[in-house]
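Order of writing sets the chain letters: A, B, C and D. Residues in each chain are counted from 1.
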Amino acid sequence: MGRLGFIKDYLRYGVVTEKYPYEPVPTPETFRGKPVIDSSKCLGCGACVNACPANALSIEDDLRGGIRWVRLFIGRCIYCGRCADACPVGAIELSREFELSALESKDLIQEVGLRMVKCVICGKPFTTYRLVREVMRELSPDERVLTLVCPECRAKLTAVNTSFARW
Amino acid sequence: MQHSWVTNGCRELVDLLSRYGSVEEVGNAYLVKVRAEDLPEVANELQWGLGGYYSTSVGADFRPIDGTYKLYHIFSVPQCSRYVVTQASLPPSLPKAPSITPVIPGANWGEREVRDMVGIEFEGHPEPKRLVLPHNWPEGIHPLRKDFPYDRKLIIEGVDDEVEHVDELARKYQVVPIGPYHPALHEPEYFELYVDGEVVVEARYKGFMVHRGIEKVAESRMTLNQVPFIAERICGICGFTHSCCYCQAVESALRIEVPERAKYVRTILLEIERIHSHLLWMGVALHVLGFDTGFMAYWRIREPVMRLAEELTGNRKTYGANVVGGVRWDIREDHVEKALRILRRVREECVALTEKVLKIKEVVSRMKGVGYLSREDARRICVVGPTARASGLDIDVRRDHPYAAYGELDFRVPVRDEGDVLARFLVRYEEVLESVSIVEQALQNLPKTPLINEDYEVVPLRIGVGATEAPRGEDVHLVVTGLGNKVYRWRPRAPSYNNIPATLYMLKGAYLADAPIIIASIDPCFSCTDHCLVIDVRSGSSRFVSFRELVRGGYRG
Amino acid sequence: MMDAAPLLNVLIKYWLPFIAINVVIPALLAPLLDGIERRVRARIQCRRGPPILQTWYDLVKLFRKGAVTGGPIIFRLAPYIAFTVSILTLSLIPTLLNASLSFLGDTIVFMYLLAVPSVIISIGSIYTGSPLASVGSCREVSLWMAYELVFALSVATLAIDRSSLLLRNILPPYPPLHPSTILAIAIIAFLTYAEGGRLPYEIPEAEPELAGGIVLEYGGAELGLVKYALLVKRITLSTLLIDLILPRTWLTSILRSKMWFLGIGQVVVSATYISLLVILSITYSAIEALYGRLRLDQALSVLKKSVIIAGVAVLAALMGY
Amino acid sequence: MGRGDGLYRKSLWVFHMNTGGCNGCDIEVINVLTPWQDVERFGIKLVGSPRHADAILFTGPVTNEVLPRAVRAFMAVPEPKVVVAIGSCACGGGIWHDSYSVLGGIDRFYDYLRKRYGIEPPPTVYVPGCPPRPEAIIYGICLLRGLVKGKQRREVYVEGEVDLSSLKDLLPPDWVVRTDLMRRWVRWFT
């Protein structure tokens, strides 16, 4: 009887069921779980937002409050890890956490609010302090002041400078 | 002199193609620019004269580029290891082309999809009905035209209004619906069986409910290197093969050299995917036959494979490994050992289990002779993969159009002539063993090269064809690269697309009780098929059985 | 009023304890046995399986959900009728106690009552107009007719052998154990398995084919009742088989003559009964786990063969073997 | 969890509904029934008819074509019902959240129900993952039944107040003068 082989299988392999959730199950170290933004490192540059295929990461500037919000909605995340590849400072990483269930979708959101620099000319917030600091490091002290100017005003400044020079 | 690159005796093919227009070689494919009126003739020559296989049709809106619509038909010519892409330009005012469906019945869906999504009319099509879009989708709106915004949410409210069409079949026979939510399907698809007693007289299919607009999203929102991730989500079982296929299409279009190691890693992951997919299918088939112990046993064997995949790539299903130019994850030395151990055990257990299952009388008797598909029908409908191989068609992309590392590995392509469900079961079983051996060979011969070649430039409007052998059969992607690191047109064609029409042939004359196993026997992956289309074979004259009737029963008592 | 008092007395003194012990306890036991079966099946599939009480949990949940089914009246009433009838059937055969409701022709009544639950649910399901449920009903009725024929023939064999239609009389001990009796009991053993709706004969529900078939349209408490009725039917069938092989009266009388305590015989019989039920459940579920589902025509051809065997048994009994 | 408190603690029958998902989650849902995870040990069973079900599993972003069918299946599940949204597609629309042919996840589906039928959403558990591991699905269902404590919380971090003086260490000493000059310079010209 071929069928009895299945009973033999049971005797051989026994119960294979794991005890989860009463006992934790291991995740391999390569596991791509919940992405976590290290709020102390994040610059708010938006590289991850551009890389994210699912738009789980978004960036929003609260101009009145002068805060740039980097939002991660893990309820939309596809756990591909492109954000971690893209991040210039390694501020976003996929953890090995997989128990992400929540009873409300708002619990699936991680927000990082970064203070924004107000343009020294027009006073409009345009980028984060951390990003400015990072960019300044690359520049000579004389050029650094220019990083405090928003792109529009910088364009104006260039225009003014060139016309002044021509004049 | 124009054909100096022609190798391995494919002069015949090139000569044939040059009769119709200029031929250009793109990677593994010949691109031939033909006149629209020559299409049926070319199709006839390729399919019936040369013994090729029709793969799919693609329509593209090139109006922003050169003011035309483009119509592509893709054929596989296994004996030359080449794909043939015929390109016809159609005027923007009234885009139409002669249909090739009268020549190749398998082109039916492909052409109707083009008609719906791009708005190209096909003259002489035997069934010029809407296929892709819901039946109450507004006329004249074609989502894949470039002037249609991808995020325009058209909520179709009318579908739930009950439409009662009277059909003579429905009057004569009892209508038994399978789906849209049916325990044997796991996906919302809908088969309507006309039943006389317990025997199916006629079968109809209404599916494509998993239409998520992937092509449009990819063409509009995504960059070249984001598409592999959406391609991976065409299907949750065989997603890797889709992303691989896409990457190969782009690599072929942009002539990117992929490092050897990346090719091997792709091969390994592709075969791991095939192993888990086939084990999954064998389990589900037994579940459908009511033999749950066998189902559980196959899935018990499968679980270590899933965990292996998780360990190698970080996720059980969506490996996220492919990007254009190579792969992102390496296979570490210690993983090789572990993988070999797991695979050895999978092979042992799979052999032992399948032997046991094949001794179980009622299971075998419900597969033998059931769901017969003849070789001729298989050829006409252009079925692919294990479904084709179980009907005696010896086709396998891995061997016919070697990609990744398959050209360097040794494997056998199991073929059977019986054409029934049992043959499909056995073909898949043998493929599992072959796949285990392929992974073993690949793991032992992993070349030591970099993983990824990122040194390429995205040249716009290059065409590339990618093809892989998915667990369910030939998977073909056509890519036209776009401006600004994007794809202009991307058309994935999943294997189930060609296989599902075959079930309607198999169902005729079958027992009702056998219908689920017959449908399951092609291993239908509806989400693969539907990514871009919706079909309504019954629109117009037939009876619409409302969902309430299906699941709740329309209380008419 | 004057007449009612002794009747009430009889009722309280004999009937209520009888019902409580002989009907209610087995009925309460039925879901428990199902729990055991589910666990055994799970183990053969190498998994842990649900707690033994799981079927009880399921039923309690369904009953707490309350009546949720709408539709034609016969469809809504069917579960209640099915459940009542299945309990009635159970009271016709000895379970824990050696006694049962007994009247002339109870064998025939038993046979028919046994079939009522599935038939009434089939009829109810046809009224819903749901195609899958109707296909399930068709299957149920075709199977039922085949079962009934085989069952009638086997019972006829026993009745001819013992020249009685009283259920009490066709139960053991069998002083002359004829080959026809053994054959009939063997066929009934097969029927108790198949008619309990176990694989490979679980054709009318057929989850992967018909999404639950005849029970498709029920929900909440009604579904609970339908399920419960099936479980009671199963325990009734198992009880019937046990009754046919367990020499109750003989066992009781032996023990009574040997032991000083009068009730001990009954206690031993009850204990044997329950353990046999458990053993039967384990065996049946183990068998069930090793089978796939037959197609209706295949199942009917198996049943056709058993009709022939049962016919042979009747002939043998008529000839006195 | 509001309605159905304790009712489903010991027994939960689920109806699995693919609302346009890619199959990945669907297969993981089947996976939790198989020997390694075996959710039958928690009294969870997959049923074939929404009438039998206590919970409804959504896997997929709810495509246009599926929407009316999903609504009907949803209605067919008797009260009190609970919903499990499995995978990123069901939780938030996933990678196709803004495509023309999908509604975009369970929350949008609830909006639709509210608007069209005036139905308030039942208790719902969101199980993110693409696809979630089988254990993650088990965790989600255990969370719904109150067997485990939820640990996923909305995390909001706001950087403390900063002003330009924090960049002093990098800026040239005369930065105040320079920026002032720039401001005037541009203002004067425009």
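In this text, contacts are C-beta pairs under 8 Å (C-beta built on N, C-alpha and C of every residue); 3 or more make two chains touch, one makes a residue touch a chain.
This is a predicted model, so every value here is computed, not measured.
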Query raised in the report: In terms of C-beta pairs in contact, which of A-B and B-D ranks higher?
Result: B-D
**Report entry** Greatest separation from chain D - chain, by CA centre
**Finding:** C
Query raised in the report: Between chain A and chain B, what is the gap in Å from one C-alpha centre to the other?
Result: 35
Report task. Quick one: report the Å distance separating chain B from chain D, using the average Cα coordinate of each chain. Result -> 29
Query raised in the report: Once you find the CA centre of chain A and the CA centre of chain C, what distance in Å lies between them?
Result: 63
Query raised in the report: Between chain B and chain C, what's the gap in Å when you average each chain's C-alpha atoms?
Result: 50
Report summary line: In chain B, the residues touching two or more other chains are 182-183, 221, 229-230, 233, 293-294, 296-297, 300, 303, 310, 315, 318, 360, 551-552
Report summary line: For chain A, residue numbers touching 2 or more other chains are 3, 6, 9, 13, 15-17, 53-55, 78-80
Requested in this report: Could you tell me which residues belong to chain C and also touch two or more other chains?
Outcome: 44-48, 207-208, 211, 216-217, 289-291
Requested in this report: Name the shape of the chain contact graph, picking from line, ring, star, complete and other.
Outcome: complete
**Report entry** chain B to chain C touching residues, read off their complex
**Finding:** 174-177, 182-184, 195, 198, 286-294, 296-297, 300, 360, 362-363, 365-366, 511-516, 549-557
Query raised in the report: Taking the complex as given, what residues does chain B use to touch chain D?
Result: 134, 143, 148-156, 159-160, 180-183, 186-188, 208-214, 216-217, 221, 229-230, 233-237, 239, 280, 283-284, 295-296, 299-300, 303, 306, 310, 315-318, 525-528, 534, 547-548, 551-552
Report summary line: The chain A residues in contact with chain C across the complex are 3-4, 6-7, 9-10, 13-17
Requested in this report: Show which residues of chain C lie in contact with chain B when the two form their complex.
Outcome: 41, 44-47, 70-72, 74-75, 127-135, 138, 199-200, 202-203, 206-209, 211, 216-217, 289-298
Query - chain D - residues contacting chain B, complex - result: 15-28, 30-31, 34-36, 46, 48-51, 60-61, 63-69, 71-73, 76, 94-96, 98-104, 112, 130-131, 133
